[in-house]
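Look for chain A in each of the two complexes below; its partner is chain B in the first and chain C in the second.
Presenting the complex of A and B:
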């Protein structure tokens, strides 16, 4: 082996650790056995996009020296209340393997998974001395007792991230433990959790003890109670959360840390907004998703933020707000415009986004990389503008709201085509329309003109099976496909799966069932798991807060797995096993 | 395959399964059982009630013959020879349908009996039915919509644009703040936005020092002029 020509092991060993990109690493590992082993020894981070695609055991056998792991569980649709809570994604087997064998692991990120207090205790006990990053990202199943163990035993944490997790709150002791045991914390995030028993004095203590505290995102806490915290957190760059419950004038006493450049203040209204003005020109990121501003307020604030790079808000920003954004924020890279409430009187009348705003945005913000927007009206021309001007766009998501009966310019076939052809860097793409929004021809265009797109969400597009079949002849890079509300038959879906060469994950809700129900088996193949979540009746709270029983149509979930079908199905999920059905593979 | 049809052991003492003569027999009642408690064929879950103890004089093969279907149900084993693959798939899906129907809907027991005959859950008009196997919708509903209306219309009613959980939560809390502030909504109140009103509502919590501390109570309306900037 050592006598072969080419790079010696020593040189290779020096070079390979510098290769970080997962795709490059993937390529490296395929060259030969030697390179495979070197990659396995030196790979630092692994993301497992769906935890059921492999097993803890396999991970350990290949990447024993892993330093950082990210695991995702529930389908993305779980963020929209579409997936049963007990669907799966349990961290327990992974935590047990981490505790036993992954001695180098310093960073753990679980996203949309079920975590128990016992898991946290095992993790804290076994890895507490070395763990630097713990992210429980949109997780559920644990309580503040589990966090208490983390606070007590993980004293080296630089990052504790709990954003949007459903946590059973017993008390606020966990934050106190963190405060007294940790002096290296840099990022603390329990934003969008409903934790209320935590004490702002503990927050202040953390700020005093942790001299590198740079990012803090919390649940609702009166801002006036945080004056001491802000004073102590001298290197703070990011803050989100809080709450405004007092007279606006009283907030003049609030003085923010000097380096603060990423901000989101919950329930901030027109009268409190001016406290941000003194440093608005420093702001790089603004989160207005949970603020209480109207269109005019948006205009007033945004025009003071010439250095803004990231903006998240609701469609109350309106076309007028987008025009101000386009004029003022030339460095904008990421823009997310979420859907406001539907209730009458809760949002600004002016708060609708349409082609007018999009066109201004495209022309004004040339550095845009990420755009996600809920629009009330749309035209082909506005999409063509995006194709023409937004040359840096990597991620584009458009949802057409369903409140207006008449849309100015449908179908969007040509606009979509021109957008895809113009935005050559596009990697992620979502289009959610309505019947007539995109014809089969348009769907074919998507297939034809998205060479690099790896993830797609398609909602209410196409008109018949011909559309999806044509679509699936293209999309050479498509790895993950989500389809909702379309009219495709089982047969067409299965055939499309077989045509999409890079597809490894499919989620569908809403499709035409076959007479026999067996057409899905057309996509049966080795290592391809197929699961059904049959139609259910679920209770949803509607916009006036009333409980409503809603029919939730069936889902199909299919994915490649090296681990075979999973063993932890709840009652709501049914696997389709081609072997049991005698399907020839 | 014909020659392999041996006799079968009973699993439960009070069940006798007739020996097949090599054709598609076994217990005919299987098909008519109504699948009220259908086993999960498709899930490889452990077979209920079965301890699969075959004595030596019984089953004379440990591996199934090529087109042989074996069903374990409620203490009975039934074997069918020469079943075409498509039929097997159909049976599998019927079972899945029935299992799912029972699993998710209490008031769908009457559907379960239908499943035994053909599979009505699976034979609804394709243009109307967006849901797959094991849909909980009763068939009368399918006739509300004329056959030639686009599949989409029904779909959009069933599948409204999903709302993000985080924002739903925010809207609920915002509404609560308004309600707390003005429990008696005044119809003549101008449609102004939460910026004024919501500031005034109390976030109730008895514990001092905690995030939920109640604020100082407020007057009705704040002046629209911006607060003095520091």
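Presenting the complex of A and C:
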């Protein structure tokens, strides 16, 4: 050890591993070469927000000893069926690199990516002995055969997460393999996957073998068949899924594990709801997104849950349900209210959320950190309430539904401004309105008053190019921007990108295209990839086989990348190559 | 024999029509279907039949104004009346029109149905009024800086959100479809 001014390597080596926050680590790595190398040796986790921004090779060269990796592929819009299935985001090159070189990797999380059975086999064979966490999160392209390999060879798995993935189901063998080979499983999740060939006996076996099983989320499986499972899973804290196909009275025999505090029962109706009452006061998290409750049922259930911290439901909760929530659930931290059915008669008449519910919520639930809501009506005052009371809000998302012609109080310029000024911790922000919902002045306010916001979704806001140009003078922290249905020209979008100092990712659908698409070249620059998904006509068939032709407007996707343009474009995606077009950078 | 007709374009069949009317592409097919379903479901079926049959027959000496009133279904929280359907596409087809010849216009508003026999000019003024009326509701008092006014106005009328309906989360979409089958 040389004596030199500053910290010795030994001390540095002891201190740096305690630094976990990615932004802190980023700062550490920029100090000098020595610190860069120490960070590279000791960094435990990396999230790559878009897999095409770098390459497996680069990752390996810098972070050879990585223990945990999260990779994201398709744009977020894929969750709403807006992105072609074959858009990209293949895990194969990453899995191959992992198999070959990442010897310390114990946790792998792929989100919105395309995974093949062969990828799963390679991963299981090469890392099976050490892999503890495998998350295939909203992925597609694989079948239960791939999962069979995982069940067979990854015997150290603590977490197997498959939520919302599209999986080709051949049989239920994979769950059986998992059941007979694993005794350390803590989290099992195949919620929202439509896997129906799994057997409840295997679930029961897992519960008996895995003494630490704390969280289980499954697909549709008759609750009465799970009585044995619930009895065996003695330390279970979280359960979601199942289904109710029998007479309500029969469910009185179901007895839930004593520590259960996070719950979501699919297709639970008014008559089955009482089975939750005995332990409702213990509940910290309630998922009613896929339940069959009306407004009154919501009121009846929520008032029994004074310890609720997380609630997810549809707008059938209504303003009245929100008022009950505000009175009863003082510890509420996260609230998500999704959009229910549009057709008449499918949801409760009372099931609309408006300014009335929001104002009650803001005043009653002062610890709120996350709020995402689809509203049918809105006022500036209700947004001002949120700015005044919701001081802990980090993530706010509002969508104004399009059923009502008249909205009480538009535009929302002042309300949005006051919300942004009041919620000083805001990091994520989404506002989806309609023409006239927010003027250019309002859009300027968003730019001016969101100093810490890193992600934004803006839909149908502003009135002209002036709006987005004013907006982009602000937002100093904005890294990821999604824009939908706005009236901005290509030229204004490109100019805005150049003004947003932190922007590294842009997604746009619905804009004023130029005749040639060339106005986008105003944002051409080194390391900036620009991709277009041209307007398409998609034939969508619903569940009764009725076909409908849907016009899907063009998308723009642009992002910084160290890896150059990607090499795996499907037909539906077109890269914009400024060099080929003769544009000078 | 041709006559001036003002037709209700229930299924958006006139999307590609060659009419030079300024109200050409009024409404998206899906939205009009959904909206009509909503309005019709609140009305007496006999009433609907009589309205539709009266619209298709060729009546000359007819009542100047035949109005069928249907009580609105009770809705909570409605301080101001909400039009259940905007006026639909007036496909003015006939090539030779007698300017004094009248044709029926059927208007659905807030749970009531009214049928009027009007001349083509009168029909266009009614539509103009309706357009101005609905766009006034949406424009703000601190004037919207609209770069391309005619396109924005057309957007307000097409669907609430132009060509892009609010997309739904995949899992929720599947759940809502499965629920219908239960």
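Throughout what follows, the second predicted complex is superposed on the first by the 576 of 585 C-alpha atoms of A that agree within 3 Å, B and C clash if a C-alpha of one lies under 4 Å from a C-alpha of the other, contacts with A are read in each partner's own complex, and residues count from 1 in each chain.
Please note the rule applied: contacts are C-beta pairs under 8 Å (C-beta built on N, C-alpha and C of every residue); 3 or more make two chains touch, one makes a residue touch a chain.
It should be emphasised that the depicted structure is a prediction, and the values quoted were computed from it without experimental measurement.
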* Following superposition onto chain A, is the placement of chain B relative to chain C best described as a clash or a fit? -> clash
* Asked: So, does A:516 touch the first partner chain B, the second partner chain C, both, or neither?
  -> first
* Identify the partner contact of A:195: answer first if only chain B is touched, second if only chain C is, both if each is, neither if none is. => first
* To do: Have a look at where A:249 lands relative to chain B and chain C in the superposition and call it first, second, both or neither.
  => first
* Tell me which of chain B and chain C touches more residues of chain A. => B
* Asked: Regarding the shared-chain residue A:536, is it in contact with chain B (first), chain C (second), both, or neither?
  -> first
* To do: Answer with first, second, both or neither: which of chain B and chain C does A:551 touch in the superposed model?
  => both
* Once the structures are superposed on A, label A:490 by its partner contacts, choosing first (chain B), second (chain C), both or neither. => first
* Where does A:390 make contact in the superposed view: on chain B (first), on chain C (second), on both, or on neither? -> neither
* To do: Examine A:107 and indicate which partner it touches, taking first as chain B and second as chain C; both and neither are also allowed.
  => neither
* Asked: Who does A:410 touch here: chain B (first), chain C (second), both, or neither?
  -> second
* Structure fact -> Running into chain C, out of the candidates 3-11, 57-65, 111-119 or 165-173 in chain B, is stretch 165-173
* Pick out the shared contact residues on chain A: the ones touching chain B in one complex and chain C in the other. => 77, 79-82, 164, 192, 194, 267, 289-290, 292, 314, 338-339, 341, 343, 346, 399, 401-402, 432, 434-436, 459-460, 484-485, 487, 509-510, 512, 543, 551, 553
* Structure fact -> The answer for chain A against chain C in the complex is residues 77, 79-82, 164, 192, 194, 267, 289-290, 292, 314, 338-344, 346, 349-350, 354, 377, 399, 401-406, 408, 410-411, 413, 432, 434-436, 439-441, 459-460, 463-467, 484-485, 487, 509-510, 512, 542-543, 548, 551, 553
* Report the residues of chain C in contact with chain A in the complex, numbered from low to high. => 30, 34, 37-38, 41, 76-77, 79-80, 82-83, 86, 134, 137-140, 142, 144-148, 151-152, 155-156, 159-182
* Which bits of chain A are touching chain B when the two form their complex? -> 77, 79-82, 164, 172, 192, 194-201, 218-222, 224-225, 243-249, 251-255, 267, 269-275, 277-278, 289-290, 292-294, 297, 314, 338-339, 341, 343, 345-348, 399, 401-402, 432, 434-436, 459-460, 484-487, 489-490, 509-518, 521, 532, 534-537, 541, 543, 545, 551, 553-554, 556, 565, 569, 571-572, 574-577, 580-584
* Note which residues of chain B are touching chain A in the complex, please. => 40-45, 69, 85-86, 88-90, 92-94, 96-97, 99-101, 103-105, 119, 121-124, 126-127, 129-137, 150-153, 155-156, 158-175, 177, 191, 193-196, 198-203, 205, 207, 209-216, 218, 222, 224, 226-230
